[in-house]
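Two complexes are shown next, each including subunit A; its partner changes from subunit B in the first to subunit C in the second.
Now for the complex of A and B:
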């Protein structure tokens, strides 16, 4: 599989003490749905803005094996904040997109507008947040590009529309495109992503296939006074009053503890995996 | 086909098992076509790359094969798949059996537990959720 986006040593600082993105290496492969997870302020949006060339950065980013500025026609982006010409109607917006976007499919766009139950002739300024998001997505999905980038695409959508959007994202890769998106909603990521990257404090701390998390990682619940582990055997360690929780992919460590009937062990789902990474890494 | 995203079993493995089960249950048989990757992905609401991974492995294991223009077809008889299934079961049970033996539990006692599970009285069967497969 070739890389659709290849990020090497990306660094980005905004004024102030905290650096937004630090030494990020990230590869997005052809045909995958890649989800970028992380708490607010982890650097997800900055990474996306860097890929799109919306901010200055240091490091190397290639998009579709070239420079972003020569590839814009083949990329569609949905930002978290959607701004529109508010005086337009969906009909007018479709017409506008058709006139400026080379790969825009007008009929497909009109289909989506209908499917998302948006009023064709109402001014966008009268739309709710969810309606604006739906329209933005309808216009985006009609572009037939190689790479779609979404920043929190389902935020503010009702459950039915969210379902529609997730299904469309899935169909997008069936047609051969690649998707990179950020999300807070783990259950959604579980449904449509094949790989995830977790960002924390400007770093990418994990990248991998969802199925590989289940295959390679184990979570052990141990007595609080358990000390027979080292930092290089663990990915995250969380201690509370009742127990010690260890996330690990160390085969020797797993082998040693797996057969101990006193030890509780589980296969992490994405939610548990993410929570442990988030809260347990600082102790490693 | 029903897929549990939260199951401890990886999704691609669940798909592999379901295909084999369909043959074992006689719902499909040798030379029957199975859904294409995109059809199945849409059907069971999972990422197509995950279905592709399952099919790739099933193909490597010679349980299915792909015929250009026709699609994926079952490449094994029910008996052959059953044999595979039992072999896998053996692999899965190797560790626990060793462990019970070491702990001084007798064969009859282990068989007793299996008997109990088999008859559905007690135990939580395969739906235990958090346990390691």
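Now for the complex of A and C:
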């Protein structure tokens, strides 16, 4: 699979002591839904802003095998703040998009507006947060592009609308398109993503397929005084008063402990994997 | 932009109506002034200077063309132009950034295209509006039966107004690019618009040119053209060039700016 986004040694520092992104290498492959996960301040939005050329950075980023400025007509972006021109109605917004976006499908956009139950002739300024987000997504889904970038696309949506949006992303858009997606809601990432990257303190600390996580990783719950492990055998270690939790993909370690009846072992879902990765890296 | 533009169109219409309605009373007002001309001699010199050339003021009574030049171009309309440019320019970029709608544009278009799309329609609207209200005043005066013509001076003043409005638009657009909210560019714009006339108080001497040249209001109002019939080529070129440089600087800042 060819790479739709290829990031090499991305660094970005804002004024002040904190470096937002450090030496990030990230590849988004053709036709995948790639989720970028991480806590607040991990560098997800800065990475997306770098891809889109919104901020100055050092390193190399290619989008659709070229410079971002020559590919803008082939990408669509939903930012964290889904603000559109508030003096417009959805009808006016569709008309505006049709006039400035070459591949915009007006009829599809009007269908989405209808599907999301948005009032066609009401000013956007009178919309609720969820309605504004729905409209922004309707305008984005109708752009017919090769790469969709979503920054927290479902934030503020009710569960039914969120379900609709995830279905559209999973079933409609990705036909031939690629999606880069950030969210704090792990369950929705697990539902639509093919591959995930976890960012922490400006670094990408993990990239892999969701299926691989289930196939290769194991979580062991061990007695607190368990010491028979080394740092290179573990991905994350979490210790509390009652137990020691180890996330590992080390085959020898897994083989050694998985038949021990005293040891509790589970296949991690994304939520557990993510939590352990974030909380347990510091003890490795 | 449409709402702001419409507000100013309404304002210009109101001022234009007052300007036309006041014409019959200008003679009466000057007659009163004539009666007190002798008293002028007794007034302090600084006050006489402030009043300016009284013979020019007497022309208001009989000369319709002079009324147009001095009361429309040099006063009512001319004084509004920097504020009109400010209203048109200050939100062009700052509002997009403040409201976060800039991401929609930047994601889909090159920055050069965004700059074109945002900066030039506003400039064009400003210039067309200025040209319209500059030329419609003599037209309406002719319709009302006054002895007014489209002389070369009228068109030269129009040219100066266009250069001046473009300069102010470029200046305020630059602030719009620099700031991420709408408050700062509008406050700086108001301070500049109100503050520039104070430079006229700093007159020069043989060794020093003073600072009055930093005030472009007399140029926009066509003061020199009206009083001496002179068109200031150097000031025109300097103001036009400064406007172009400010526009270019705004573009460079926009190209480099982080969002």
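Here, the second predicted complex is superposed on the first by the 281 of 284 C-alpha atoms of A that agree within 3 Å, B and C clash if a C-alpha of one lies under 4 Å from a C-alpha of the other, contacts with A are read in each partner's own complex, and residues count from 1 in each chain.
In the analysis below, a contact is a pair of C-beta atoms (placed from the backbone, for glycine too) under 8 Å apart; a residue touches a chain by one contact, two chains touch by 3 or more.
Here the structure is a predicted model, which is why all the values come from computation and not from measurement.
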Which superposed partner A:263 touches (first subunit B, second subunit C, both, neither): neither
Partner chain(s) touched by A:77 [first = subunit B, second = subunit C, both, neither]: second
Which of subunit B and subunit C A:69 touches, first, second, both or neither: second
First, second, both or neither for A:86, with subunit B first and subunit C second: second
Subunit B versus subunit C as contact partner of A:108, first or second or both or neither: neither
Subunit B versus subunit C as contact partner of A:32, first or second or both or neither: first
Partner chain(s) touched by A:215 [first = subunit B, second = subunit C, both, neither]: first
First (subunit B), second (subunit C), both or neither touched by A:52: second
Overlap of subunit C and subunit B interfaces on subunit A (superposed complexes): none
Subunit A contact footprint on subunit B (complex, rising order): 5-6, 8-13, 38, 41-42, 45-50, 53, 95, 99, 130-133
Complex contact set, residues of subunit C against subunit A: 3, 99-101, 103-104, 106-111, 117, 256, 258-259
Residues of subunit A touching subunit B in the complex: 31-33, 167, 170-171, 173-174, 187, 190-194, 210-212, 214-215, 218, 258-259, 265-267, 269
Of subunit A, residues touching subunit C in the complex: 49, 52-56, 69, 72-73, 75-77, 79, 81, 83-87, 100-101, 149
